[in-house]
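Right, one structure below, let's go through it.
The letters A, B, C and D name the chains in turn, as written, and every chain counts its residues from 1.
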Amino acid sequence: MKISKDKWGQVFDALASDYQMLAPKEDKGEVNFKRVNCFSEVKQGYLNTKLPAKALFFPQHETLFTYQKEGQGITVKNALKVEKTIAFGVRPCDARAFLLLDKVFNNDQYRDPYYCDRRDTTLVIGLACSQVAPTCFCSQMGLSPVSTAGTDLLFIDLGEAYAVEAVTEKGKEFVAKLQGLEELNAEDQVKLETLKNLQTSSSVDISALTEKLDSMFDHPYWDSLHEKCLGCNACTFSCPTCHCFDITEEFRKTEGNRVRSWDSCMAPLFTKHGSGHNPREDKKARWRQRMMHKFNYFVHNNGDIACVGCGRCLKACPVNMDLRQVIDAVNKAELVVK
Amino acid sequence: MVMGEIQESVNLPENQEFQPKIVAFLCNWCSYAGADLAGVSRIQYPATIRTIRIPCSGRINPLYILKAMANGADGVLVSGCHPGDCHYISGNFVARRKFALIKSLLTHVGLEEDRVNFSWVSAAEGGRFAEVVKGVTDRVSALGPNNGVFKVAERRGTDE
Amino acid sequence: MSKVIEEIHAAARQLLEDGKVDVVIGFEKGTLPLKATPCFIRSPQEVEKLIWDETCDNNLANYVRQIKGKKAIVAKGCDTRALVVLMQENQVAREDLYILGVSCNGVINRKKIEAETGEILSAELAEGKISVQGMNGSKEFAFADVKDDTCQSCRYPNPVLEDAHFGDKVETGNQEVPFADVVAMEEKSLLERRAYFQEEMAKCIRCYACRNACPMCYCNECFVDCNSPKWLTGGVDPAENMMFQVGRSLHLAGRCVDCGACVRACPQGVDIRALSRKVTKDCLTMYRHEAGVTLEDPPALNQFSTEDPQGFLVKE
Amino acid sequence: MGQNPYLPITMKVVKNQIETEDRNIKTLVLEFLNKQDEENFKYMPGQFAEISAFGHGEAPFGIATSPTEPGILKFSIAKVGCVSKALHLIEEGATVGVRGPMGNYYPIEQFKGKNVVIIGGGFAFTTLRSLATYMLDEKHRGDYGDITVIYGARNPGLLLYKEELAEWEKNPNINLVTTIDKPVDGWNGRVGFVPAVTEEVVKTSVDTYAVVCGPPAMIKFTLPVLEKLNFPPERIITSLEMRMKCGLGICGRCNIGPKYVCKDGPVFSMAELKELPPEY
């Protein structure tokens, strides 16, 4: 099935009246997910948003609850506000990252309502990539520029129209109600085929990475890896699968908010105890933690590698630390037989 | 010097005209004594300043001024000894360079000129201190409440 | 430029073989086109990795504090100025440093190129011309147009302090109006300036790449991380971003060598130099001081004179 | 835990008394405001809770009371940072927020029919008090063999819960051994470091569990003593401290290897710890 772009534009504008429409929009030279009111505001022909789509469900800074001090009593009020939302233009890598984050924010014991309520009330419309950059390596991470994992329905840009593929129940319902759908003609089929086998070309190999890391905690490779790293948060803030956050307090006179904001394992204070002891004292331990968490610990806990190959971290890094190089180096490192 | 003290400001009577909240960092040896002298000699000046005593104008860290503005101060006055009278000899000389750079940068980023003020008031100039406070109060009142460059959104920020 | 690289290789190999230094801090080819990456050479065989060209845009003086022992450093003009300030502030000893001075006629600002061609696929660099193939098409740039703004107005392309020099010196173009960009900003109205800075600061995501890339920012506990008193919360409220950036600029008053590493490190493209260059211009006009130019002239706020200007005083 | 695990319940401060001579540790006694909160707050010894000092923040503290002491929760708080300082200054009648119970708890089931040696040092005695009180309760005492408590501190003033210790001295069901590091006049009890005292007091590891909590130095020297008495790693239990924020295994900071101390801990056996990287 397919829908022409201008028909979709009308549907989009109609939906905007009773849904919160979030889509990539260019603002001050950067393309990021913003609230849009009509389809014309949506940016066309972009590689990917600068900040990851996780911000839709896990914003950089949000108020968990507010409280009011009256004398010695305190009233606490939940600050979670959720709106029916449609997220349009989510790239397959970001969408796949949602599935990884779902496992974190809805683990075996607790459910994080701030992430999960937004996630449940949002229809994710993926937009397949029509071009790949040399920094992308999603094909090597078990997905592809056209994969549907994490989306409710996937649009594939055929030029004049979008091919539509429903993925989840929510997606099927939405497509069922969608007017203006047409059959794909032969020319579309050809275009669809070529787009479908679009692949990223990168030498990253993750087949044996997790086992290798099992026995690499004390490997000398970690001693030199971290040296040029500045220890800033640029890579973790642009990563779609990074989920660490800090909980702090904002308090003025008698009213306060408990707020949550993105945090980074690369920041020195991340694990610093009140007593001053810091289990991960230096950049070496922090870089090792970043690699072990994404490619080993997460696999042991959730069965998947916590990286979708979007390439944002290596583009954001001021000193060009390239995750693909680190993965290759780990693969090639000979194990020190103890 | 707990920042929170700025908040426990005297609740002024609610008349319609805007009463600015001005944070005054007064150097203990001169300006604080000057303010004291103004009080002792019954010289009236607007009760819009919240005084914070500092050992010397050299003790001022630019963050004090920025944090005061962030937490809702409408104006800031920093006052120390005249250059040469400093109890610590070079405290205000060092501060002078800092203040010049602070004032210039704050104006550069779009903060109104009269929001942040610096002055030298000696312990003997009670009257002049009152004049300075009147002048600052009038100019800040003319500018209106500070919801400009450094003011953190309502209920945000922290005064811990 | 390759003759210079060979000379650097030879010098570095010699230093390592003689054991005069334990490590050579330099640049090697990065994994992205037109992007070099810092490297630490500890054995003479690895010396071939060292490169030097317009893509080496980090300030290596930033690593000097964290690496103990004797070290050589490939340093351009602004790097050496940063080293001078670090020495004046007793952060590094002169005898621990062997400075391989190189003259620099500017580094490339990749954001300018990517704004036009999209992500860079490949690029060739040949005397003053860069031909770039990007995701959104290819283009030929004159180097002068994509040179980083810092380098357009650079006054110290040649190292101010060095143990050896490689390549010929670059004569400093005499700019008609120094700090022309700051003057242009000053002439704008207050509300225009406020709007500009508020818009710039709204882009900041507080990843602190600017602070961590800056050689002058080395406090053990930055005021941003301090929680008693808690100057800033963890949020990205534009006013708090402004307080962070202005606070940092004031902490660099008289110390910032205007190398532009902060702006190039910022993933969000925030115009941080608009703040720091205003403070640098004030230090020059008011105190005739430029950071890190000579070892003898201490940073601006470490000294004072009885005739310092007092234009900031309140009107009476 | 209700459906929003970040929302604390509010509790009233009943008592906030100084616990140690150097005034660095105070014990906070909190009272549930309603029966429903208490119902939802089913906990076991070894678990912890996140206490909110409104206006300052939140921090994790081990629960010192045992489930056999209904209606109240007790926490002993060392003045270390913003939140603990605020909790030290809080007066009786004020309100604090509590989120929990969090983490796992001491393997009470496995202790059944076994002897238990509780070894505590300094102010790491909160959850151990909870464990000892739980096992001493007449409903449970029969399940366990003999219970030995070895509790040491630098000087007598630093011992926590002095009244309880006095009661336990007289209680036949428990063999209490308190010690201080260096002799102090007016103290006629035992003198010596905890590892040395452990070597003297603990004779056998047969059918015995050891629960060890204290400063790193004490643990470093106590473990070899236990290993010499051939305690197997599965029967040496300890409770770890980590920087924590969410307490739910989500915010990602308290991990040792793949395990999150707030969700998979804080109680670990030495066998479990040996498999984890030495990063704590």
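In the analysis below, a contact is a pair of C-beta atoms (placed from the backbone, for glycine too) under 8 Å apart; a residue touches a chain by one contact, two chains touch by 3 or more.
Only a predicted model underlies this, so the values are computations on that prediction, with no experimental measurement involved.
**Student:** Between A-B and C-D, name the chain pair that shares the greater number of C-beta pairs in contact.
**Tutor:** Pair with the higher count of C-beta contacts: A-B.
**Student:** Express in whole angstrom the distance between the two chain centres, defined as the mean CA positions of chain A and chain B.
**Tutor:** The mean C-alpha positions of chain A and chain B differ by 46 Å.
**Student:** Determine the centre-to-centre distance between chain C and chain D, using the mean Cα coordinates as centres, and give it in whole Å.
**Tutor:** Between these chains, centre-to-centre, one finds 51 Å.
**Student:** Where the centres are mean C-alpha positions, what is the separation of chain B from chain C, in Å?
**Tutor:** Going by mean C-alpha positions, chain B sits 35 Å from chain C.
**Student:** Roughly how many whole angstrom separate the Cα centroids of chain A and chain C?
**Tutor:** Using C-alpha averages as centres, the distance is 32 Å.
**Student:** What residues in chain B touch two or more of the other chains?
**Tutor:** 156-158, 160
**Student:** Would you give the residues of chain A that are in contact with at least 2 other chains, written as numbers and ranges?
**Tutor:** Where chain A meets two or more other chains at a single residue, that happens at 246, 248-251, 263.
**Student:** Please output the residue numbers of chain C that touch at least 2 other chains, ranges allowed.
**Tutor:** 227-228, 230, 233, 235, 237
**Student:** Between the chains shown, work out who touches whom and classify the graph as line, ring, star, complete or other.
**Tutor:** Shape of the chain contacts: complete, all pairs touching.
**Student:** Quick check on the complex: what are the chain A residues that touch chain B?
**Tutor:** Touching chain B from chain A are residues 66, 249-253, 255, 257.
**Student:** What residues of chain B sit close enough to touch chain C in their complex?
**Tutor:** 2-3, 62-63, 66-67, 70, 77, 83-84, 90, 93-94, 96-112, 117-120, 128, 131-132, 135-136, 148-153, 156-158, 160
**Student:** Using the touch definition up top, name the residues of chain A that touch chain C in the complex.
**Tutor:** Touching chain C: residues 28-30, 45, 47, 50-51, 60-61, 131, 133-135, 224, 227-228, 230-234, 237-238, 246, 248-250, 259, 261, 263-264, 267-269, 314-316, 318-322, 324-325 of chain A.
**Student:** Flag every residue of chain C that touches chain B in the complex, lowest number first.
**Tutor:** These residues of chain C touch chain B: 185-186, 190-191, 193-198, 223, 227-231, 233, 235, 237, 239-240, 242-243, 246-247, 249-251, 253-254, 275, 278-279, 282-283, 286-287, 300-301, 304-306, 308-316.
**Student:** Touching chain B in the complex: which residues of chain D?
**Tutor:** Going by the criterion above, the answer is residues 55-56, 82.
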